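Read through the structure below, which is laid out as structure tokens, and then see the notes.
The first chain written gets the first letter, and so on, giving A, B, C, D and E; residue counts start at 1 in each chain.
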Amino acid sequence: MTESTIQTQQAGLGTPVLSANGLAKTYGTGQAARQVLGDISFEVYDGETVCIVGPSGAGKTTLLRCLSGLMPASGGTVRLRDETVTEPPAGLAVVFQDYSRSLMPWMTVRANVELPLRGTPGLSKAGRRERALTALASVGLDGCGHQYPWQLSGGMQQRVAIARALAYEPAVLLMDEPFASVDAQTRADLEDLTHTIKERYNMTILLVTHDIEESVYLADRVIVLSGTPTSVSEIVPVDLPYPRDQVHTKSTPAFAALRTHVMGLIRKPEETA
Amino acid sequence: MTESTIQTQQAGLGTPVLSANGLAKTYGTGQAARQVLGDISFEVYDGETVCIVGPSGAGKTTLLRCLSGLMPASGGTVRLRDETVTEPPAGLAVVFQDYSRSLMPWMTVRANVELPLRGTPGLSKAGRRERALTALASVGLDGCGHQYPWQLSGGMQQRVAIARALAYEPAVLLMDEPFASVDAQTRADLEDLTHTIKERYNMTILLVTHDIEESVYLADRVIVLSGTPTSVSEIVPVDLPYPRDQVHTKSTPAFAALRTHVMGLIRKPEETA
Amino acid sequence: MSQTFARLGQLLGEAGFWAAFGQTMAGWILGVLIAVGLGLPVGMLLGRIGLLYRSSRLMVDFLRTIPSVAVIPLVTLLFGATLEMKVMLVAFGSFWPFMLQVAYGVQDTDKVLVDTVRSFRLSTGRAAWYVFSPSALPFAVTGLRIAAVTGLLLTISSEILGSAPGLGLELALAQTGGDLSLTYAYIVFIGLLGVALNLVLNASSRRVLFWHASVRGDAA
Amino acid sequence: MNAVLARSRTLLIEIWMPVLVFALWWAASAGSQSLYFPPLPRIVSQLGELLASRFASDVLPSLQNFGLGLLIAVVLGIGLGMLLGLVPALYRPLQPLLEFLRAIPGVAILPVMLFIFGIGTEMKVAVIAFGALWPVLLNTVDGVRSVDGLVREVSRSYRLRLADYLWRVVLPAASPQIISGIRISVSLAVVLIVASEYIASTEGIGYVQLQSARLFQMDLMWAALLLLGVLGYLVNILFRYVEHVVLRWHRGARGNNQGGRS
Amino acid sequence: ASTSNSADAGETRKINVTVAPVVDTSPVYLAQQQGLFKKKNLEVTISVAPTAGARIPALVSGAAQFGLVGSADVLQAASAGIPLRAVGTTSVTTKDPARDTGKVFVAADSDVKDPADLNGRAVAVGGLGGGGELSLRAALDEAGADSSKVKFLEVPFDSMLNSLETGQVDAISTVAPFTDAAKASGAREIMSPGALAVPGATQQILVTTQDYLGKDPEAAKDFVDAMAEATEYAAENPQAVRKILPTFSKTPQKVADTMQLPVFDPDLTVERVRIWSDLMLRYGFVKKEVNVDELVAEVR
């Protein structure tokens, strides 16, 4: 599968890489059953960045877990290129919302980042180390490699989780509120890093965020979720030009308009309720 | 101690409730020692809301843990009213940054919220239940009481942790990035809730946040941390009038000016480095 | 083999067998109950109070390596070949593994939970009941499974070597009487007791550990 | 200087209780006329004699059997435990059989062991290994099954190689529970020295202990008991060091080595 | 001394007796069955304890007043300073090898032709340091072997045949009823140690404590008398023994019907005990010589 993945990847924009088709998810059975997702369909194209926004408890994490093949959906299918996803496919990385629990406390930060690289063919020990340190440096964690996750602050742990995913150099990167615990400045830096890596590696990125400004700044398209059970309320295309820039892009009227539009979509169900 | 706490609390604004005096903290010993906090001093007055901002890894969580008496400082003292803090004092509640680990997975959400109330004298079982449900409703979690924390989304778990602290009705409330995982709308609601409870219970609130807009909106004063080891770089008084309002307050020039000022303080060390 | 099972079937119809069974169960259950009743608080204390843990671990390591089986004659001397003797021995032997597991389990409590307990100033009793016990439960359940079987083995051993009435004594009689199929019938029955115990413990541990990763299975 | 002080304080904390108990025992048993509970000084002098004259002939063989048996129990227990913990489809059908074997009393196992392994060292090692296996096995199974769901998902989503998953994720994650199992097994293995020398034996600490009890040489019997206790303690010290190193991360992550003074 | 008929003396006296579930114990059960104890106004409770390690403590702790214990065990306990008194016996060793309940077997195809061939070989015994090993050692030396060159291994009686068949030991020293199974399997009998080494010696000795004897000599006498009567009854009625054995020992009736019975004899004499005492001293089974004259108490 790995090889075909890489081949198709070169095909360029316009090919759907990841697609959800009528995805539904119900937790529990019988009396306790609760349908969280109802009929979700969308596509993510090659090299695209898509942000998902929606109220807390809407099912964004659930959706990401279904997309990554970690959890079977109750209905509908997920396809990564030509293959139906049933298990986590190769070339896909996930940054979990609960970052602190996703790091192994018995390993140093560097070992945590290196862990997924151990299976990579043709990667020497030194090369692995190199890649881990580069990834750590790119999230602003130079010199923390020898520490243990529990010796780091929350925001630092979150960045370790991001570095782990980046070092893996996946074709598709799923991130669940990856910048929630870092300060404004670091957040801006990480947003820009997202743009950089996306370009450098032609990564396809699907990112859940609560920060609407962030979603507009990062995305080529923003998927807004709402309703019970949750469905796609709108897919907002973001046609802001690249390269984007924290100061200039965010001060354009187009940005403000998009921001207001998405904000309005999120508020809507709350007001009607 | 509880009684004296309540008595002094009525004394009104102008009395320092919580004060840090030359607080310093070093993790590890010998070779591995790393000084995180160096000489931090400030006061929080009765009924005041103070926000702490600073870069990720600066030591905000460390500071909160020292203030709450959970961790001994390496130098300096913490005083709650007239008493030196060595153990978590009565009438103080903490909302932890690592909220998901702070909930007991073996208890329902309601039991989690009720847990700290079990020691409250004169509170009947029904009263306890009542208070827990009210607190849950105030954070938008009505009807989730019978679920287990691991059945909730990240943002919902975070709100349970907040509800638990609110139900406790502490005189002093310390919160560590309490709104990091909730959506924009819920976040706004919780911010307003903070204003409400502060007024209703005359709570003294110390809140760590990464959202500078939020810090200005919530606080009477904003403490900006920076440097290595971390020290107080500036304490910004926020003289925006009450009642504050998401739309109007945030659109005033005074708000914008404060926001820009704090933002500048945060960015400064980054640029000189 | 089939002869063994035939004998076993025959045994199940005898009143004397059930009397012996009752005597064994009494010693076993009482002993394990005492071990658990003492092991829980002691383990929690040792797990929570570092000073106590360090002060006592030399004694604990020493005492728990005393072979219970070897002191059967001494215990018999003090208590005679009685139920008390069995209970003593079983309680002593199964106390250590259970207590140790509880202590480990308590030490394993998540740091954030400990901080939560401290910051809300939960009373010692409440913290023990609502937080430390459940948190140590996965370890304690494993400890109970070890302790219960250790208890069964010690009950039987004390009946064999100390001649207290019960299945073990019957087994020893069969052995000295040279009745091989009867001997094996008893052995098989004792093994089945272990299986039954496990069924009970499994079912109840699934019930009390519903919240735990091993039972809940995070996905789906 | 400070380190020396700290170390001696640690030592003091560790030994005050045993010293006290020993002193009490010494005082209480002084002048004891009871055949079964002889004075402690006599026991201690017997112990010295036992160590001096029978170390090579009795103590050493027991130690070897003990070491080997425990090693087998730990390796087998962890290996089998990981397998069973990870493959419920295997564990479920095998569990009744395992529980059956576990509950069979030693007296019943001995003839079987005798049958399989013959008379000699192998049989004793097998008895120790068989008895000491269960705590490690059970704890490993439970520990493996308790690995945090999110950690498992991380491993799945990064498609870790099986070896990495087992060695770097499952084993360390379960290690706190595995180690508590091993600690129980260590003591159990000492106890099993006696059981293994119960039959078909002509040497060993357990043999000395049983034989002296049979011959009403109670000093010697108590000396052997004391020796077993001391042995258990020494092995536990060794083991505690291993634990100290292996579980350093765990203490850190649980915050047991800093801050908390409660 | 006092009247032999104390049935009208009034109050019943309670006695606990602890015994092994072996054929030598039969007289105790026969006495109970025949009402011999009741006749003497004794209320006797019999408790079985397969291991000697449990029976002597029962006497010491006062849980039992009488015990039927193997001669060697009694002597060892006495040598260790436990104030026991031997007041009777139930069986003595025969002089006739054919009637001896203990036998030594080798495998059918073994190259061991006679006891002397056992030098350098391994022999399984039921208990080390006990009467079994002692009489075997003495018998081997008597038969021309050198017992110090033979290796003795403790193996439970019910595992012995298996050990022999799998070649783990070269010979087994077993007792009835296990002898029957050995014979049936084709194992070759080469010696009867008891008849050879300790003919006419006591087997199980009826013991009590010095303490009890001093406290209630009347009851002790009555009990010993009843036991003697029962032992004589057993000697005269082997069928009664065969019938009662399965009721307390789990020996299958079939086995009990055919097994070799011991020689029942209630006469306890100093000489009979001294046979053991001398051997034990010679072979180092006791450190201190036991004063047999003191141990054997005249109560009748």
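Keep this in mind: contacts are C-beta pairs under 8 Å (C-beta built on N, C-alpha and C of every residue); 3 or more make two chains touch, one makes a residue touch a chain.
To keep track of the chains, here are their UniProt names: A, B = ABC transporter ATP-binding protein; C = ABC transporter permease subunit; D = ABC transporter permease.
All values derive from a computational prediction rather than experimental measurement.
> If I count C-beta pairs in contact for every pair of chains, which pair wins?
Top-ranked chain pair by contacting C-beta pairs: C-D.
> Farthest from chain B in C-alpha centre terms, which chain would that be?
Result for the farthest chain: E.
> Name the chain whose C-alpha centroid is most distant from the C-alpha centroid of chain A.
If we average the C-alpha coordinates per chain, E ends up farthest from chain A.
> How far is the middle of chain B from the middle of chain C, if each middle is the mean of its Cα atoms, in Å?
46
> Averaging only over C-alpha atoms, locate the centres of chain B and chain E and give their separation in whole Å.
83
> Could you state the distance in Å from the CA-based centre of chain C to that of chain E?
Each chain reduced to its C-alpha mean, chain C and chain E end up 38 Å apart.
> Would you pick out the residues of chain A that each touch at least 2 other chains?
Within chain A, residues 65, 70, 98, 101, 151 contact more than one other chain.
> Do you know which chain D residues sit against two or more other chains?
36, 148, 150, 153, 213, 250, 253, 255
> So which stretches of chain E touch two or more other chains?
Residues 53, 57, 60, 156, 158 of chain E touch two or more partner chains.
> Going by the contact rule at the top, pick out the chain E residues touching chain D in the complex.
Residues 52-53, 56-57, 60, 76-77, 79-82, 122, 124, 127-130, 151-156, 158-159, 162-163, 166, 168-169, 285.
> Enumerate the contact residues on chain C facing chain D in the complex.
Residues of chain C touching chain D: 48, 50-51, 54-59, 61-71, 73-74, 77, 96-97, 100-101, 104, 107-111, 114-115, 118, 138-139, 141-142, 145-146, 149, 152-153, 156-157, 160, 168, 171-172, 175, 183, 187, 190-195, 197-198, 202, 212-214, 216-219.
> Please give the residue numbers of chain E that touch chain C in the complex, ascending.
18, 20-22, 47-51, 53-55, 57-58, 60-61, 63, 156-158, 177-178, 181, 246, 249-252, 255
> Applying the document's contact rule, which stretches of chain C touch chain E when the two form their complex?
It is residues 72-74, 76-78, 80-81, 160-163, 169-170, 172-180, 182-183 of chain C that touch chain E.
> Which residues of chain A touch chain B once you look at their complex with the stated criterion?
The contact residues of chain A facing chain B are 27, 53-62, 97-98, 100-101, 151-156, 159, 177, 180-187, 210-212, 263, 266-267, 270.
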